[in-house]
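One structure follows; several queries about it will come next.
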Amino acid sequence: MENLIALLIAAPLLGAAVLLTGGRRLDRVGHWIGTLLSAASFVFGLILFVDLLGKNAEHRTLIKHLFSWVPVAGFQADATFRLDQLSMTFVLLITGVGSLIHLYSVGYMEHDERRRRFFGYLNLFLAAMLLLVLADNYLLLYVGWEGVGLASYLLIGFWQHKPSAATAAKKAFLVNRVGDMGLSIAIMLMFTTFGSFAFGPVLSHATQASEGKLTAIGLMLLLAACGKSAQVPLQSWLGDAMEGPTPVSALIHAATMVTAGVYLIVRSGAVFNAAPDAQLAVTVVGAVTLLFGAIVGCAKDDIKKALAGSTMSQIGYMVLAAGLGPIGYVFAIMHLVTHGFFKAGLFLGAGSVMHGMNDEVDMRKYGGLRTYMPVTFITFGLGYLAIIGFPGLSGFFSKDKIIEAAFAKGGTEGWILGGAALLGAAITAFYMTRVMLMTFFGEKRWQPDENGNEPHPHESPRVMRIPMIVLAVGSVFAGGLFSIGDRFLHWLEPVTGHSEGHSPVSAWTVTGATMVCLLVGVGIAWAQYGRKPVPAVAPRGSLLTRAARRDLLQDDFNHVVLVRGGEHLTRSLVYVDHTLVDGVVNGTAAGFGGLSGRLRRLQNGFARSYAVSMFGGAALLVAATLLMRAV
Amino acid sequence: MSFPLLTATAALPAVGAVITAAVPAARRTAAKWLALLVSLATLALAVTVLVRFDPDGARYQLTESHAWIKDFGVRYELGVDGIAVALIALTALLIPFIILAGWNDADPLETGSRRWRPTQGFFALILAVEAMVLISFEATDVFVFYIFFEAMLIPMYFLIGGFGDRAHEHGEAAASTQRSYAAVKFLLYNLVGGLIMLAAVIGLYVVAGNFSLQEIAQARASGSLHMATNTERWLFLGFFFAFAVKAPLWPLHTWLPNAMQEATAPVAVLITAVVDKVGTFAMLRFCLQLFPEASKWATPAILVLSLISIVYGALLAVGQRDIKRLVAYASISHFGFIIMGIFAMTSQGQSGATLYMVNHGISTAALMLVAGFLISRRGSRLIADYGGVQKAAPVLAGTFLIGGLATLSLPGLAPFVSEFLVLVGTFARYPAIGVIATFGIVLAALYTLVLYQRTMTGPVKPEVSAMPDLRARELVVVAPLIVLLIFLGVYPKPVTDIVNPAVKQTMSDVHKTDPKPSVEAAK
Amino acid sequence: MNPVNYLYLAALLFTIGATGVLIRRNAIVVFMCIELMLNACNLAFVTFSRMHGNLDGQIIAFFTMVVAAAEVVVGLAIIVSLFRTRHSASVDDASLMKL
Amino acid sequence: MSPQLAAYTTSTGEAFQFWVLGTVAVIGALCTVLMKKAVHSALCLAGTMIILAVFYLANGAYFLGVVQIVVYTGAIMMLFLFVVMLVGVTAADSLKETIKGQRWLALLCGAGFGVLLFAGIGNASLKEFDGIGQANANGNVEGLASLIFTKYVFAFEITGALLITAAVGAMVLTHRERTERAKTQRELAEQRVREGKHLPPLPAPGVYARHNAVDIAGLLPDGTPSELTVNKTLRERGQIRDVSAEALGDLRALEQRAEERLERTEIEPATFKRPEEASK
């Protein structure tokens, strides 16, 4: 069985290798190879899942030691995989959603001449993501961590001829690198603290280390999570990442990669449990991001960017939950999975809309599309209901638990966090309703573009519809499936641990409050966008709206402080290198040149002058001789 | 007496150089093939060295020792430890690629050179450099090492000054001026370093009475050779200065950008991937072994300098307009890592540094050679002259990206392992320095991706649109390097196994042990 | 009187000659000063010869005279040919050693 | 008085001769250095050499004394004079120093060297003083000859070779080889016409009515002196006298005298320039 784990990764890796080096002759079948290998990986995952289910809850951990990776005195990094309930959940999510999106991309990328390459990158992503969740030590996890970053870079910048795409890709990679720095420092800290960075030794001995060190490790891990999961303050790349093809946004920037941060925190739960300060920081980051993302999502007119804001916000929920400790871990992962379904569904829906609208992304140029693309409308609508937490659908179960857990944190913190989560739920309802109304309801607002091509909205081909339908089904039922009978809780508990909190407010009260928030959000959105027609050109809006449109000015801050500052720094350093460092050397050279120029003047060419020096020299010699004799 | 394998390894390219230089003027192609065959034969010998070397055996193996200058106790002593073996293998491996990449760089038909037999000269000089580098890695006699350490400058000088890059925004005359400036700068910097080292070598002889590394190190270890603290420190500084110029360490680095910018890409690779490695290698072998106490004394200062190198080199790479200069500054940053690893005085740091030398050689070769192919197609080194190459030449862009990713130490590619080892090793002893050095990885991503974005992506520039993709010869050069980068990234064990015992020895030379983790039980 | 005085005289004449070489510009006068120095040496040799009571010193002085004669011949020839080409007998005019 | 001491000191006559002639020799040497005209220097040097010859005789070196007078003073010094004539016997050197600091350095070095030599001689242990009498017992010339042809024979032969080489060398140096036929007067005239320079004969030197010396440049119609009028050799020696300023000076002197007579003193007295300085 253990060998299957390696195959799990090997299949998409093989796909990537074949597709990327195969050359043009694979152009016609490349996408099917990619999809097939991804599906194969999913099948392996299923087999392993069934195998795990057949085992006792305590023995559901498979370890596969492949080879000794970096053996250096005192530093043993092995290529070892660990498949337990947590990674299994991720494997299924990644390969399942991944396969669906492969399938979807077959249709979506049909007219792209570089489709083979696209599937190669997608496969590369799958392999890296699987490596990330299957690694048994942090260094191997780091490989996957950066691997998904690379795949994300390649896919965001897939349409490289667009400068905006290339810039967005670069930005994503760079911001992620800042996070990666946190991860590598965390690994170094683990190494100096525990002498190892494998999950086993680190997590089982976490309590023996000093709290200061654990807090440091926790904060560094949080930094890593912030980068990968687009949490404040490293969230700025996610909006720009929407430059990539929509399937990429669905797979990487909604369902899987961005949730890696949550995985990291949950996986390192033992460290965080022993470092309350780090945990607090995690919850704060989660709460701030969930509001930040939600606010940004409200203001965007670009359908994908609105969804990206939403992703940020939803991951904020997960991070918040993960920061709550054992109460929240399970719910964080549960929300992660359900979110994987409905957000991927929503993105695919958005992609389907764009596909039918000549790649238009501005929602103000949509309107009334429900009649043109009914399947898209229904699947998107189900995803919408799931994300706002409509009772009975996936989002309802997972989000509700998180809000409960936040209140259960207790004290002022509990109230603040819970309040933030509730507020987030209201805003979520608002912006998602806004997206829904602007896209599918109201009057049609599209115009011919400058070339006179009027969009002819049409339903997408079947190969794209199937994944949307599957994901919609998942968005509807996953939550119930997990929550009823606490199945998911019992499945994950052996890995993450679980504790019941004592909420100051009862579960029903929280649910009720959530419902009220939801209604308020939907109501306001309907009042603004449902009752009156949506203007085709965005109104100026309030100060907050304008700021939110610009990602709450975070990019501007980055631009002024980091980009400009960096440019000035490098430019002045280039100058310094040229004038100062090189200048000292050149100055020395010039000094010697000048000195020899002076000395050269003594060599005036007059024989008599030379004779004087010769004579003087002779005199000195005589003097020296005499002195030596005298001594 | 057994077959002198080490001498043969170094002598073969030397003889090859002489024969290549003697090939008649009209038989250019023969000269090229001859040089290639000689380099491949050298590679075969280096592989034999690698195979015959037993990592768990004696410290120095395959030793040869003959009296040379009796009056001064100079002996022709050769011997290799694990670190040297790894670097010999790297050198012998890279030279065939360098020759193949520079196949047409000195061809008068391509360059319009009116010089007498330029092709023969070019390849003969490359082989001569190889011979000297190899013997520098093998020498265990300080004097022998010194001679070849310095003699290397002569062929390098001609390679930089005589066969430089013809691409220059202000025309060929400007290129020629720049080239001679770079060559002279290279020579002067290294000569000054060498001169100071010569003083230290003589000083060492005065103190120790002979030049044998092994004898001196043993005498020092056993306490029979006592050095006054100040003497040791001065001698250390003399040696270190020369190596720091060659490596190069901030603020002695400014010759490298000029030299790499003006040399042709294969020669630039020769400089940074092969010749400069002698500097870092010598720090490990000579500085630490001969002057352990002084090395420890100087560690804080050197670490700070290497830290500056890392950050400073990376920041300057970001600000460059010239592709080759950018790679040069990136190399300065990487050399900062190597030196930091050496002087962190931990097993991880030193293993990482050795591994880094090998990996940096391969990754820079990949990046620089592809950059050279790119430059030769467009005739310009300026980043701004490119754009959208990806569309016209996807394979070239792909290999360039992989080279770039290796430069930024992407996990899964070889440099990552070494960089991480260096960082961990440094962090274990000096956390603050380790953390600041980690910033280097962000900056590395910045300069690499900016370079890639500006040259390869975006709208296709008209001058670029007809650019041919990699040719078969170029692919033969790049593909093995990339395969090697991936292989050593996934499975560096073959190298670490050779290196580890040698590092252990070095650690015991300086009487240092790794810091213990604070939670022992986790082991 | 002590014959050493001859040596002092020789030294004085030598010094005067040397100084003359240094401060005169006319090549002929410079040459004469050189002759003066040679003569001073000869005086010293002759004195030594007397002091030591053998003739070797005089032999050396004799050779010096011969060499001086040869030197004068060549030197004057150089001056003449210099004068011919440069129309001057000043040593400062022949500052070709300068870059 | 022991024989040792007798040899050590010299007769009063010799002492007298030394002090008198020595003073003269030093004066002669100084004059050699300081005389402006080379011919004066040469004469002073000749004097010094003759005195040295006397000293040689006094020291028992009879052969050398005679050779000094005959060969040195007679032949070599005459060679000098000959060359001086060739170069220009009247040409006076300026003793003004042109190289900055040269004179002071030279004097310093000279003085230092002299002091050192004196100190050296003073410190030398010159105890041995045998006198030349015994060596000259068989006659000075015979003694020298036996040494030259036995002990120093190789040096002697080599010196002979040196002399011959020097003679050949002097010839090579001064001999100018004609590479082409000398031009006839006709050809020279034709060349002059072709080049268009100085078609008429060169103008005559001298300013009529006031000077008729050949070293004074004739005046052109606009009153400026023309160097062409002076003989080429004089021109090359720089021995042209310039009289243009002299006339002005005369005029100014005339004016001054007139003013003095008329008791008008407002006008500044003119600065006079000596003709030699004006020609510099």
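Letters are used for the chains, namely A, B, C and D, taken in the order the chains are written, and counting of residues starts over at 1 for each.
Operating definition for what follows: a residue touches a chain if its C-beta (ideal position, glycine included) is under 8 Å from a C-beta of that chain, and two chains touch if they have at least 3 such contacts.
From a predicted model like this one, the values you see are computed outputs, not experimental measurements.
Relative to the whole-protein C-alpha centroid, the nearest chain centroid is that of B. Averaging Cα coordinates per chain places subunit A and subunit C 96 Å apart.
Work out the mean CA point of subunit A and of subunit B, and you get 36 Å between them.
Work out the mean CA point of subunit A and of subunit D, and you get 100 Å between them. We define each chain's centre as the mean of its Cα atoms; on that basis subunit B and subunit D are separated by 71 Å.
Looking at subunit D, one finds that residues 99, 102, 105-106, 109-110, 113, 117 touch two or more other chains.
Shared interface positions of subunit C, i.e. residues touching 2 or more other chains, are given as 18, 22-23, 25, 92.
Not a single residue position of subunit B touches two or more of the other chains. Every pair of chains meeting the touch criterion is listed here: A-B, A-C, A-D, C-D. Partner subunit A is touched in their complex by these residues of subunit D: 99, 102, 105-106, 109-110, 112-113, 116-117, 119-120, 123.
Those residues of subunit A that touch subunit C in the complex are listed here as 600, 603-608, 610-612, 615. Of all the residues in subunit A, the ones that touch subunit B in their complex are 20, 67-75, 79, 139, 142-143, 145-147, 150, 153, 157, 160-163, 165-167, 169-170, 173-174, 177-178, 180-181, 184-185, 187-189, 191-196, 201-202, 204-205, 208-210, 213, 566, 569-571, 573-574, 577, 581-582, 584-585, 589.
Interface residues of subunit B, counted against subunit A in their complex, comprise 188-189, 250-251, 253-254, 312, 315-316, 318-320, 347-348, 351-352, 388, 390-391, 398, 405, 410-412, 416-417, 420-421, 423-424, 427-428, 431, 434-435, 438-439, 441-442, 445-446, 449-450, 452-453, 456-460, 490-493, 496-497, 500, 503-504, 514-523. By the touch criterion stated above, subunit A contacts subunit D in their complex at residues 604, 606, 608-609, 612, 615-616, 618-619, 622-623, 626, 629-630.
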